[in-house]
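In this document, chain identifiers A, B and C correspond to the written order of the chains, with residue numbering beginning at 1 in each.
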Amino acid sequence: MSIVSALGHGQGGGGTSPAVAAPRRRARGGAYLLLAPGIAYLGLFFVIPVVALLVTSLYVPVPGGEVGQFAPAFEWRNYTAALATYWPQLVRSFAYAFVATVAALAIGYPMAYVIAVRARGRPFLQGLLLVLVIAPFFTSFILRTIAWKQILADESFVVSAIRAVGLLPPDGRLTATGFAVVAGLTYNFLPFMTLPIYANLERLDPRMLEAGADLYADGPTTFRRVTLPLSLPGVVSGTLLTFIPASGDFVNSVLLGNTSTTMIGQVVDSRFFKVSDYPTAAALSVVLMVAILVLVIAYVRRAGTEELL
Amino acid sequence: MSGGQGAGALAAAVGVADRTDRTAAPAPLGDRGRPRRRSPGRWRLGDAVVPVFAALAFLYLLVPIAYTVAFSFNDAGRTNLVWRGFTLENWANPCGAPAVCEAFVNSLQVGAIATVASTVLGTLVALALVRYRFRGRTLANLLIFLPMSTPEVVLGAALLAQFLSLRINPGFGTVVVSHIMFCISFVVVTVKARVASLDPRLEEAAADLYASSWQAFWRVTFPLLVPGILAAALLAFSLSFDDFIITNFNSGSFTTFPKFVYVSATRGIPAQANVIGSAMFGLALALVVAVQVVSAARRRRRT
Amino acid sequence: MAGPDARSGADLVLDRVTKEFAGVPAVDDLSLTVPAGSFFALLGPSGCGKTTTLRMVAGLERPSDGRILIGGDDVTHTRAHQRPVNTVFQSYALFPHLTVLENVAFGLRRRREPDPLGRARQALELVELPHLAERRPNQLSGGQQQRVALARAVVNNPAVLLLDEPLGALDLKLRRQMQVELKRIQTEVGLTFVHVTHDQEEAMTMADTVAVMNAGRIEQLGSPAELYEMPRTAFVANFLGQSNLLRGTVVENGGALVGVDVGGARVRVPAERAVRTSGDVLVGVRPEKLHLLRDGEAVPDDCNVVGPGRVTDVSFTGVSTQYQVEVPALGTLGVFVQNLLGGAAVGLGEQVRLACAVRHTFALDGDDDVASGVVALDESA
């Protein structure tokens, strides 16, 4: 499976559908005419900016200049310096994103399964559950994150309740912890995990499950040997759709964390705006982008070539 | 929503609404609509575990939304942190807090422009990618894919680096430009799925029935793409409307609704922000429910 | 543009048409004339080039070489929408966003003909679906969709109407019904129909003329009876019904009958039923033309006789009983015996001789592959 199709998969269910083999026309200029505006736009406002970012990441401060004044250079040490200082935040970002992705998978897969398989044949229930999954899209994500901040606040009744039950020591807190940040990330990206898996399971032919049972597989075995492998493309796009934005996010760590939960996005943001250290911010962005690309390619290669389990 | 990345999934969700009228293939003979028959036998614990777990997950999803809506009715005063009593005052006067409505209107304007522009550009690209074989197709696909696999901080920082080096002052224009950029890929992916699901024989049939290629496109292909294009536009709008990270990099002193909420989080968010958030939620929910009801009715009529 | 007024159809001529895909010929130097008003079938296994031929006539593919003429006009270089040709697609390709009526009126509207809806309604009456005019295609059954597709094509009064496996998606009973229906409609509207199918029975039931295609070429062309009674290649002999083909060598020729030595036995074949009258030949007999002769039974007049052989299989099919008889030096022959008396007349393991009237025997080129055109188990549709 190509990376492109991995991400493209969940959308509208195009990915693996055996689309009727379109009679591809040979380009008679028409293709380029259709492509030109969009591709030119992405060239201007994606490719060139990324190049600008690369160039900026090698700048050096103007000697004796004001804060925020830099001169073109090829200072590769910007990268080593940035990494030496901020590797903990970088590692933490990937660790948080990873845990959040696993958690979202653990929560999202059963949701998708219930909607697609258990609610099959009950259109009203299915529609309702789907709307519930999509519902978070319709409220501002910042507002929802702030809601979590207040729900998890020390004085909130939720936290008091948890303390009362004894799940949390009397002086324990949920807000401003790494746990809260990961929970926030999980929460924010859960629909992105659930929907592609749902889209995939929804197309699963129920007769396959019956065939599994017919061939002496019990429920869990049918799931493990039939359902899960068939839903793998959905799982792959779901995890990518969760992991990529989660690793670059800083809203959750700002609103729900503390100074020891800082993520790399936060560093980029503050390098840019608080201290106008453009080269460091740019270098960290480049590192983040490259690291994610490498991880994604490795992941998709692996998921594409090997059976799960 | 935060991750521009994840938004593609929304398209899947929107696509759900029109999954039934995709092609004119002969009605499936299968019995997919039939309720699952339970095998007789003992009740098993395993059957209940998954639904219960899923119910808890749904609760998890909905709690903060309920909280946001509830606190739009809070008699908050200046900071909307603790419950001080029920009031309709915030709903009666949603622009009561300074700058809330201005930020909201800004977001609507940015969203409208970004939606139209990215939908047009993305649809054209999608048509080219599905319908033609040409040199550089792989490269074009890669260029569409990369913005989706790049975290928003990087996109924001890159655009800002470019604007700074061109000495362009960030503001309304730069926000619109960057929103169009990150929306295009999602439009392409959404519309592409729709184009790919079209039976190419339909265009041949049109040509066979004396339609020129121009007429075949406007009379047959385009009407069939409309649901996909609408889904893409809806997606683009919701992406743009809810974007915070990229906007934060490229807006200068210009404020959108998410940015307003984020910035005022430290000082205390006015309850009017919850009102606007809740109203948008209600509106979108009503829209989706309407679409679901209509398509369910259509499905019933068909069978 | 839309060419001749096509009230009674027009001649279709393919003149040395070749179509290559990436250098591989799908249709190879094919020439063909379909007379106006006839029902013509292109019959062949999948991949034989019949659909490509059809698509070239429709204008959906361009020939690599050769010319296509409709009613005398060279249309080789006109586009699909400029040809007076309409197609009933295999998947029907009905427009899902238009009502049945608008689907049928589509072509009329494109050509700006007067009263498109009125004429569309008439076409729907022709296919007996006027009550479904306002439905959408996906609210119809497969058979109904098929009729709408037909109406949508017929309503334009095309010079040539093309049918691409139009009954392929229907179940057996419905297919029989539609075969009769199609034939009726063709007679009623008098258009030139070109029908592509892999189903020999379908082709023979409906068409006046059948062209059997194989590997991009036409193997034989003729009326269904001609093709069946006197196949000219092993492919036709096997693809249309079944044949027993026996290797032999001509030992006597010159007269009205050709003498052939088949595994030591001498059989006679009418010279006009022999593709070649010297050297190696394949002697062919249809299974239902063979009689079983038990020990002592007299040989009827003017018959070829082979055997004795042993009956290795007997299957009762209702109207007939099918036997497999293993004849030493010749191999296994199939025999169909009409079930006139009830029950099997000959038992398993019995020794029998096989007789066949000389006038039912035919001879093919000995270089033909005995098995060509036999439908293999894994490709039978």
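Please note the rule applied: a residue touches a chain if its C-beta (ideal position, glycine included) is under 8 Å from a C-beta of that chain, and two chains touch if they have at least 3 such contacts.
Here the structure is a predicted model, which means the values were calculated and not measured.
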item: Chain with minimal offset from the mean of all protein Cα atoms; value: B
item: Chain whose average C-alpha position is farthest from chain C's own; value: A
item: Intercentroid distance (Cα basis), chain C paired with chain A, Å; value: 58
item: Centroid spacing, where centroids are CA-atom means, of chain A and chain B in whole angstrom; value: 16
item: Length of the line joining the C-alpha centres of chain B and chain C, rounded to whole Å; value: 54
item: Interface hub residues of chain B, defined as touching at least two other chains; value: 199, 201, 204
item: List of chain B residues in touch with chain C within their complex; value: 21, 23-27, 199, 201-202, 204-213, 215-216, 219-220, 223-224, 301-302
item: Interfacial residue positions of chain B with respect to chain A in the complex; value: 1-16, 19, 30, 32-36, 44, 46, 50-51, 53-54, 57-58, 60-65, 67-68, 71, 81-82, 120-122, 124-125, 127-135, 140-155, 157-162, 164-165, 177-178, 180-181, 184-186, 188-190, 192-194, 196-201, 204, 228, 231, 238, 242, 244-245, 248-249, 257-258, 261-262, 265, 269, 273-274, 277-278, 280-281, 283-285, 288-289, 292, 296, 299
item: List of chain C residues in touch with chain B within their complex; value: 2, 58-60, 79-82, 85-87, 89, 91-97, 106-107, 110-111, 136-142, 145, 152-153, 156, 169
item: Parts of chain A lying in touch with chain B, wherever the complex brings them together; value: 3-4, 7-8, 10-15, 17, 19-27, 30-32, 34-35, 37-39, 41-43, 45-50, 52-53, 55-56, 107-108, 110-111, 113-114, 118, 120-124, 127, 129-151, 153, 155, 187-192, 194-196, 198-199, 202, 205-207, 219-220, 237-238, 240-242, 244-251, 255, 264-265, 268-269, 272, 278, 281-282, 285-286, 288-289, 292-293, 296
